[in-house]
Amino acid sequence: MLAFGNDYSEGAHEKVLGRLLETNMEQLPGYGTDDYCKSAKEKIKKACGCPEADVYFLVGGTQTNQIVISTMLKSYEGVIAADTGHVNGHEAGAIEWSGHKVLTLPQKEGKIAAPVLSDYLSTFYEDENHEHMVFPGMVYISHPTEYGTLYTKDELSELSAVCSQYGIPLYMDGARLGYGLTSEGTDVTLKDVAEYCDVFYIGGTKVGALCGEAVVFPKGNMPPHFVTMVKQRGALLAKGRLLGIQFDALFTDDLYFEISRNAIATADRLKQILKDKGYEFYIDSPTNQIFVVLDNEQMEKMKKEVVFGFWEKKDESHTVVRFATSWATRMEDVEKLAALL
Amino acid sequence: MLAFGNDYSEGAHEKVLGRLLETNMEQLPGYGTDDYCKSAKEKIKKACGCPEADVYFLVGGTQTNQIVISTMLKSYEGVIAADTGHVNGHEAGAIEWSGHKVLTLPQKEGKIAAPVLSDYLSTFYEDENHEHMVFPGMVYISHPTEYGTLYTKDELSELSAVCSQYGIPLYMDGARLGYGLTSEGTDVTLKDVAEYCDVFYIGGTKVGALCGEAVVFPKGNMPPHFVTMVKQRGALLAKGRLLGIQFDALFTDDLYFEISRNAIATADRLKQILKDKGYEFYIDSPTNQIFVVLDNEQMEKMKKEVVFGFWEKKDESHTVVRFATSWATRMEDVEKLAALL
Amino acid sequence: MLAFGNDYSEGAHEKVLGRLLETNMEQLPGYGTDDYCKSAKEKIKKACGCPEADVYFLVGGTQTNQIVISTMLKSYEGVIAADTGHVNGHEAGAIEWSGHKVLTLPQKEGKIAAPVLSDYLSTFYEDENHEHMVFPGMVYISHPTEYGTLYTKDELSELSAVCSQYGIPLYMDGARLGYGLTSEGTDVTLKDVAEYCDVFYIGGTKVGALCGEAVVFPKGNMPPHFVTMVKQRGALLAKGRLLGIQFDALFTDDLYFEISRNAIATADRLKQILKDKGYEFYIDSPTNQIFVVLDNEQMEKMKKEVVFGFWEKKDESHTVVRFATSWATRMEDVEKLAALL
Amino acid sequence: MLAFGNDYSEGAHEKVLGRLLETNMEQLPGYGTDDYCKSAKEKIKKACGCPEADVYFLVGGTQTNQIVISTMLKSYEGVIAADTGHVNGHEAGAIEWSGHKVLTLPQKEGKIAAPVLSDYLSTFYEDENHEHMVFPGMVYISHPTEYGTLYTKDELSELSAVCSQYGIPLYMDGARLGYGLTSEGTDVTLKDVAEYCDVFYIGGTKVGALCGEAVVFPKGNMPPHFVTMVKQRGALLAKGRLLGIQFDALFTDDLYFEISRNAIATADRLKQILKDKGYEFYIDSPTNQIFVVLDNEQMEKMKKEVVFGFWEKKDESHTVVRFATSWATRMEDVEKLAALL
């Protein structure tokens, strides 16, 4: 079977796994206090251009969203997200379980537009009854979005400005950040992310690690007693080394970016093939997720040889499907897929 | 000032208050175990045509919604509501605070249509990834809705059928139930409500009581250890008599219905006046809430003599406002308001 | 039946109910924004000697404990209480439901001693692993305690000093505060309470009101957006007047204190009778709760004519029971009880 | 430095890591649905003698406790634990964050005695006011306990009988289960654990894995929609293979037991050395944790060459410290430590 179903089908990049192997029998202190965690944090701070940042490693994406959001919001606040946002629809209510509402905004290609956000906030505060409503306390965006799309630097800057005006943090879910930063034509760098966001995470699970996400508080604004709240939410890893060593490897010699580029290169090739063959795209995604319309009959036939994702029904006889590439996708598998299309 | 701002401006109906006065020095057991609570429950069960029902008295509407929803849902479930539903927008996140998501559906005049619900549910279960999503565990409707509109008996029956098909309870928020049941032309009776809903509450706060809502589980389906969960949510009243005596009075000699009719009669008169004077209605509401468009200048002038509610901006020079009548509204005040219009 | 089972058997004091009756048809704004609430708050602030205090009215005791504690604690904090504290054992886990741990200390006659508190706090911070533990974020005491006992002014002052040293608020549950303040021989005044506590509540439910507790933040330290958090916890009363009018009456002409004295006078008389008859006291309580040892046979006989509370088994043939007096207890009923003893 | 501070200082056992390496580039489905997870589950079920068991892999111990407890308890229930239980004191309030109280019982050497449990439960149900209290809904024990002690088969059987009588599940925290099962002289086997407990977990983090705990529901009694609740609590691992492959290795050729024996052998040797040298033991622990009293001066000197844990002050000049061995402890390091003692 050809695997284009998602970006977490393989284990870890060989250099990442290699470092785990090399360091395996070293005796290290627990809970993320070891030197590999420290080293990884320093490398990430440098890559972000934020010497004063706080960096914290967590295991998975939903966990990270739940922890960041619930530790930064006040009790009476909710988090604003696109209605297509991962926290709204695909995390089994993890945010609500922590006591907070997801306040949804309409989106375009998975993105929140600054004027839409601004209108929402001004309307909220103008409402005489807003004391009976959930206060907007944070803005959640994903980059790349759930549709594989990207914010431009200007769009991020505008969102950031609206957030600043209302005194609420801008949070970026970077589960696939590597693929966003290495996408052809993006004008957004990691340093830009660190400049415009108040908190974000650099996804490891989907970009070369066995597991792990690096949360960055670029202004040194990690909530006090964060470790205790991580423990309280069941997310403190005893062998924190597992995360530190992996991120240390990923941020050595630009490995994170280098392997991300493979996902982009293979996705670009696949898009070209699909375009040449006249397939209809559901959305124009510049990263590692490709949304394309298949005839149902063809789809069923392909399922026997390729793993890909169901996205939604288009009409009675057509379906939108998703092909995803990753750091591990081999170009030869793209060519094999091409032969089947 | 003429008071048309809401339906909770006065204290309690004189017969309700009279009974509190008469029974005041009786020594009664606490926590709703007294004979007045028992008597009130029996009267309500009779009015509902449900001898096997469980009835429980709570203090306020948001509290009731939070308790009913959070005690009937399982951890992994959320409650479906119209996006205009009170639980979604105007309860400060009380449902989310209890750990559950409000799953919103588009509405028409505040109502959820059975086919919309049915589509939502079938789509949910067809989604391969629904294990990563919040399960729909209950349907919340309000009757009258937040727009003062009413479901027909057929509409309720259809919603009930969809809920049955998926094995989830139908819950009716009846904060203004009296005004719905006595509205001209409705074909829905209290017995119908008890037949089609799995749980509902009969609002007291807005219909003649100082406070209090009567939750009815028509099939004797009150969750086990409900009292303990009420206590846990901070809602167990020591002097439960305060609620029992009031509802006992309201359900003696049909007082609840009789006083509800006053709200309808005064609202109907006011609607006729507005119609005659050529005002534009925002929505056609058959109960005690009237949504009408005012010229901003006129609105400002009226504010000096009448209390009414802001609903939303219509355009630069017009505003939608709400006039509410209640059990306590005097027809002479309607005529005074007419003179100002 | 003679009613000595608790202090909430009757409705409200006649002056309190009278004011509800007189003001019943006044049209007032909702949610505690009416003038009676304002007036009551001013009177309470004056009685507390705290012109800058914030006062907020809630419906019941467990609700108040849950709201005060959960809105003042940070996510990683718990509340310290005596293991006999009401929040620990008799509120069905209301504090835990809000996400916080009750950290228990050993008590003496229901009271926490300052050195015990101080030891606990210093040990906590000395523990190398305290980041993996619940941080102590508040101290909860009750006055009178669950055993009817009282702190002295010195004891309160010492507790307050320890709390200040560690930067955590001291919270007093005053469900029966009136009975504590009017107890013979106490040197603690309402002004002392306001001086030594960071937040406390003045109980109405057990002292002359139908329902209602007045939370006082003596230093104007009510948490921001408290109203929204009250709504979120299902505790915002639409007809806030119900609480405001009652407390306005209770704090007019010292009514609260005057009626509290009746509970003390009747309790003192009953204690004298018990002493004279040679009964063994379980604890020496100076307020309205009397804990006394009864022979089981006698206990069963008395149950037919008197309502009183079971406290705990003493041995195979004896039981500790509780007699409670209140603002409403008639001296003639005490004499009737005497005849039965 | 000699590492005796805890049992999670190294990475994973080489055979475990080896399997991760060998399978690294296989393309597997996510979320624990891969064949390695399936294989590991089958092996565990076989080792437990429970063909009908449900097995689920989670990442860490506190996470596992939070998830098992909060998904099995009803809203109105709490979990009974020894006051020294890990869930009570060292998980930062993770249970309370999930809305449930930890109901503490006095312990002896970290263990709950069946008669103590039985008394607690009978007293609870005899209490007339138990509806206002947290219902006991589960019993949590750890084996080995926090003191390294072990239940006997009879003790487990008795606890199990009390739990059955009251219809509540018995849950065993097996963070160090391997060290308990391979301890000299224990009469408790894994099959016994599966027979007497309703749910338990087999710890991987402290016994040879990088991370991971295997929850076993021996009677096929995993709560419905468990996966969704795991996701909701932020604990669903995208690359579930990381856990499946590790446990598959650990339960191949009895590796889990074989490596556990190393911890016991090295601990036994260390205990013999300490005994021979006349050290005072704080508790007689038969597993991999050794609690011994050190003179403070000696302790400070040793700290320069050995990592060990502070447990508690004994008196002004003595301290209780903990030495822990593990699957990775080398006998030569024990001898080096001996030389320092």
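Per-chain numbering from 1; labels A, B, C and D assigned in written order.
Simple rule for what comes next: contacts are C-beta pairs under 8 Å (C-beta built on N, C-alpha and C of every residue); 3 or more make two chains touch, one makes a residue touch a chain.
Here the structure is a predicted model, which means the values were calculated and not measured.
Visitor: State the pair with the higher C-beta contact count; candidates are A-C and B-C.
Guide: Between B-C and A-C, contacts are more numerous in B-C.
Visitor: Specify the chain most distant from subunit C by Cα centroid.
Guide: Following the centroid criterion, the farthest chain would be A.
Visitor: If you average the Cα atoms of subunit C and of subunit D to get two centres, how far apart are those centres in Å?
Guide: Here the centre of subunit D sits 42 Å away from the centre of subunit C.
Visitor: Taking each chain's centre as its mean C-alpha position, how far apart are subunit B and subunit C in Å?
Guide: 34
Visitor: Could you please state the distance in Å, as a whole number, between where the Cα atoms of subunit A are centred and where those of subunit C are centred?
Guide: Going by mean C-alpha positions, subunit A sits 50 Å from subunit C.
Visitor: Any chance you could list the residues of subunit D touching two or more other chains?
Guide: 75-76, 91-93, 97, 99, 131-134, 228-229, 231-232, 236
Visitor: With touch defined as at the start, can you tell me which subunit C residues reach subunit D in the complex?
Guide: 75-76, 78, 89-93, 95-97, 99-102, 104, 128-129, 131-134, 310
Visitor: Tell me, which parts of subunit A touch subunit C in their complex?
Guide: Interface residues on the subunit A side: 70-71, 74-76, 99, 131-135, 225, 227-229, 231-232, 236.
Visitor: Write out the stretch or stretches of subunit C touching subunit B in their complex.
Guide: Against subunit B, the touching part of subunit C is residues 1, 3, 5-6, 8-12, 14, 17, 20-21, 23-30, 59-67, 91-94, 97, 205-206, 210-211, 228-229, 231-239, 241-242, 307, 328.
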